[in-house]
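What follows is a set of structures to go through.
The two complexes that follow have chain A in common; it is paired with chain B in the first and with chain C in the second.
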Partner chain A sequence: MELRYTGGVAEKEPIQIFNETMRELFSEDDKVVYLDADLMGSLKTAQLWKDYPKNVFNCGIQEANMVGVAAGMYLNGFKPYIHSFSPFASRRIFDQVFLSIGYAQKSIRIIGSDAGIMATNNGGTHMSFEDVAMMRTVPNACVADVSDPTMFKALLKLTKDRNGVTYIRTARRNLKDIYMPDEKFEIGKGKLLKDGNDVTIVACGIMVATALEAAKELEKDGISAQVVDVVTIKPLDEDLILACARKTKNIIVCENANILGGLTSAVCELTSAKYPVRVKGIGINDSYGCVGSEDFLRKKYGLTIENIILQVKELLR
Partner chain B sequence: MVLSSQKTLEQNALRIRKGIIQAICSNKGGHIGGSLDLADVLSVIYTDFIRIDPQTPKWDNRDFMIISKGHAGPALYSTLALKGVIDYSRLNNLNNPNSLLPGHCDRNKVPGVDATTGSLGQGLSIAVGAALGAKIKDSGQRVFCIIGDGESAEGQIWEAAQFAAHYKLDNIIAFLDWNNMQIDGSVEEVMSIGDPMKKFEAFGWNSTLVKGDDVLAIQKAINFAIESPNKKPTMIVLKTIKGRGAKCIEELPNNHCLGFNDDLKEKVLEELKERAVELDMEEEQWN
Partner chain C sequence: MELISKILRKNALYLSHKCQDGNLQSVFSCLDVVWVLYDKIMNWSPELAQDADRDFFIISKGQATLALYPVLIEKGYFSMDEIAPQIGKFDSRYCIQTDLTKFEGGIENNAGSLGHGLPFAVGIANANKIKKSPSSVYVLCGDGEFCEGTMWESLIFASAKKLDNLTVIIDDNNSVGAMVDMGDMKAKLSAFNFDVIEVDGHDMKALEKTFKELKTLKNGKPKAVIAKTIRGYGSKTMIENDIWFHKSPNAEELDMLSKEVELA
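Moving on, here comes the complex of A and B:
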């Protein structure tokens, strides 16, 4: 497939994509509403709030109530999108999401921003590594980690009428452009970004670009790595992962989340049952977050090109 | 608006109590206390005020009823049977295997139930969301919601209260079931609620105290909220007696969730039958 990955910063930040896409959604469907919990400033949606008084509502710092409000608005025919920082959009509201939306068979899209280490200087209090694991356990939930702005836009649009809980975690900035602007996405369909024979790097979110860089470096050492962006961690593209497992027999998973219950777990659950291969996870190893720049945190938790190369070589040794 | 007589409302309340007993006895037990004490308010709401279509429970522009204290499922189910939304025979299936009548309110199993509740504190938020939706639609829909006094210890109740006032949701008419009992003792012992009227007033609501079994007072309070909207949500605090309507239940020290043997069932039905005679309903089946 054709990519536009250059390693440079994306043409449009996720914040801009969110604003543009919500405008499009509001004009396509007047039942779309966006609720925020006093973090419109962080998502730069203040103008959206002014422009769409019947579609945009600030719930104040009431994340739990915001989920209930979304549940009630769904009951009355609306299609809610809610946003907060990822820890407050997952662990803080888990029971509300699980029961008032999931168990009650309603529909919601939750945008958890500053996912994982991308909370940077907000530190451990604002850093969610566990959100993927939690949300994966909600029956029929869709869990996605955004790797690229084009994908973010597609996910926002694709899930407008999706039933159940949809959890989209994303960075607010510093994503790379990976996909061509006209790339088509499907829920549950991953993307094979680079083919290879020796090892498969299965990645999500910010780790997809890192994996592409690592694969490029590995080529220089004669190691042919394929790179997969799962797009949705749940539902997982089982056919694609199993095809990769059969081909390379070795999988490295890269995620900006706790590998306990995260994408690493998802890949292991699948392969151990259907085609056992060696799987090694690069992600957060059962740790809390901390304050730091993206670079510092990548090094601290091993989310670097160098660590992927190292782990691939160890796996293949 | 034509309002019903005291006798009609009390007759319906009695019918609701009978259905509660039918449902709870079908599984030899359940959340009886906090179900019985809602029979009067449910009778008033469903006899005189709520706009639903029993043949089309999911009618888009219906009024909503959110029972936030989800364990009062039997009270709502019995009321829905009275209204013809569900068949009375369904009340024989409370919590049976693969039940179509879970003890806690379940919108996916029981037609006419608007909210799935049971994890306390969440229903009022759902109510305010539905009410905000009605304001955006300009549909004139009203949202009724019943919360518990013990439940009011949940912080989310007060988040929703603040939200409803902020968005001027005067289409919410909520009720606080102030029976002063919760599982581990009286509300005063476990987690005092203080003065709930003052609390809701301080949160920007209209608030009024009504005797929980005084159907005419409840009717008047609801009617006032509807006829005199003032851009504030309304909380009608119901001073209730947990287990109201059956002395043999009321008198128990803890009637939150009871097992039912035939003896207790007979005693309760005997009391309901006596009340039926007072209300000229002898011809109805009471056993």
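Moving on, here comes the complex of A and C:
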């Protein structure tokens, strides 16, 4: 498939994409509402609030109540999107998401921003590594980790009428452009970004671009790696992952989250049952976050091109 | 006690006996409030159960779900013959904490995890405002439930959004007093810019008057009714013994408690 990946910073940041997309959604469907818990500054949505006072609500710093309010608004015909930083959009509101939305057969789209190490200087209290695992356990939930702004826009639009809990975790900035602007996405359909024979690197979120770079380097050493962006961690594109397992027999999973319950677990759950192959996870190994730049944190947790190369070579040895 | 109060209580006792579960003290403290809402106040009937502009009753204090079934039976929505053999059975739709997933209308929310019903009710009221629906939303909360943080988050939101179509009822049966001193709830709610009325939660005439009065106040302020109630009201044994917070009657106790209710 054709990509526009260059390694440079994206033409439009996720923040800008979010604002543009919500405007489009509001004008297409007046039932779409966006609720925020006092983090509108972080998404720069103040102007959006001014322009769409009937669609945008700032609930104040009360994430749990925001979920209950969204449930009530859904009951009366609205289509709520809510936003907070990812730990507050998952861990803090989990009981409300599970019961007031999921179990109660309501629908909501949750945007968890600054996912994983992208919380950078906000440090460990704001650094969600557990959100993927938690949200995966909500029956029928959709869990996505955004790898590129075009995908973010597509997910926001694709899930407008989706039933149940949708959790979209994303960085607010520093994403790379990977996909062409007209790329089509589907829930539960991954993307094979690069073909290869020796190993498959299955990635999500910010690790997709890193995986592409690592695959390029591996070619120089004569290792042919294919790269998959799962797009949605749940539902997982089982056909694609199994096809990759059959072809390369070796899988490296790369994620900006705890590998316990994360994408690594999802891939292992699938392959161990249907086509057992060696799977190695690169992600957070059961630890808490800390303060640092993206660079520093990537090195600390091994989310680097170099570590992917190292782990691939060890796996193939 | 009025005849209907006796009928509702005896049916709650019978259902608790049938499923061998339930929080009867809590049920008896709020039954009169629930009845007045459905009988005198709300724009609700079995035919309107799925009407978009119906009034909503949300039971946030889920442990008192056995107060809801007897009321809906009297209103003709359920029948005792349907519920009694099924209640509490494995995978039954009739649970002692309401479970909306098993119904199409009639039961508006899931209850059980406290601090959920009020935010949900506030969301419904907010949506009704936007839609300019005439619907009113009534939500029954426990006094102890106000220990939950989401309750206060909701009060802030309801007041900021000027939800005068929302009435929060606190079943003030002094269950929280044993844990923490909540202080002056009326002052607290007033400070959150609610119209607040305290009323005897077992005096049906007073309750009716209170709800009707509040309904006329279209002043941009959400409403709160602090219903002063007694745990186990209608049964001397239950009032005096807190074991009935979570106990169901055996056949002998059912007979004895039903007689107490009859004579109350």
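Basically, the second predicted complex is superposed on the first by the 317 of 317 C-alpha atoms of A that agree within 3 Å, B and C clash if a C-alpha of one lies under 4 Å from a C-alpha of the other, contacts with A are read in each partner's own complex, and residues count from 1 in each chain.
Rule of thumb we're sticking to: a contact is a pair of C-beta atoms (placed from the backbone, for glycine too) under 8 Å apart; a residue touches a chain by one contact, two chains touch by 3 or more.
Fair warning: this is a prediction, and the values are worked out from it, not measured in the lab.
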item	value
Combined model on chain A: chain C and chain B, fit or clash	clash
First, second, both or neither for A:V69, with chain B first and chain C second	both
Partner chain in contact with A:C59 - chain B first, chain C second, else both or neither	both
Chain A residues contacted in one complex by chain B, in the other by chain C	54, 57, 59-60, 62, 64-65, 67-78, 95-96, 99-100, 103-105
Chain A contact footprint on chain C (complex, rising order)	52, 100-101, 109-110, 112-113, 115-116, 118-128, 130-131, 133, 149-150, 153-154, 156-157, 160
Complex contact set, residues of chain B against chain A	60, 64, 66, 107-108, 114-116, 118-119, 121-134, 136-137, 141, 143, 155-156, 159-160, 162-163, 166-167
Sites on chain A touched by chain C in the complex	54, 57, 59-60, 62, 64-78, 95-96, 99-100, 103-105
Residue ranges of chain A touching chain B (in the complex, touch as defined)	33, 54, 57, 59-60, 62, 64-65, 67-78, 95-96, 99-100, 103-105
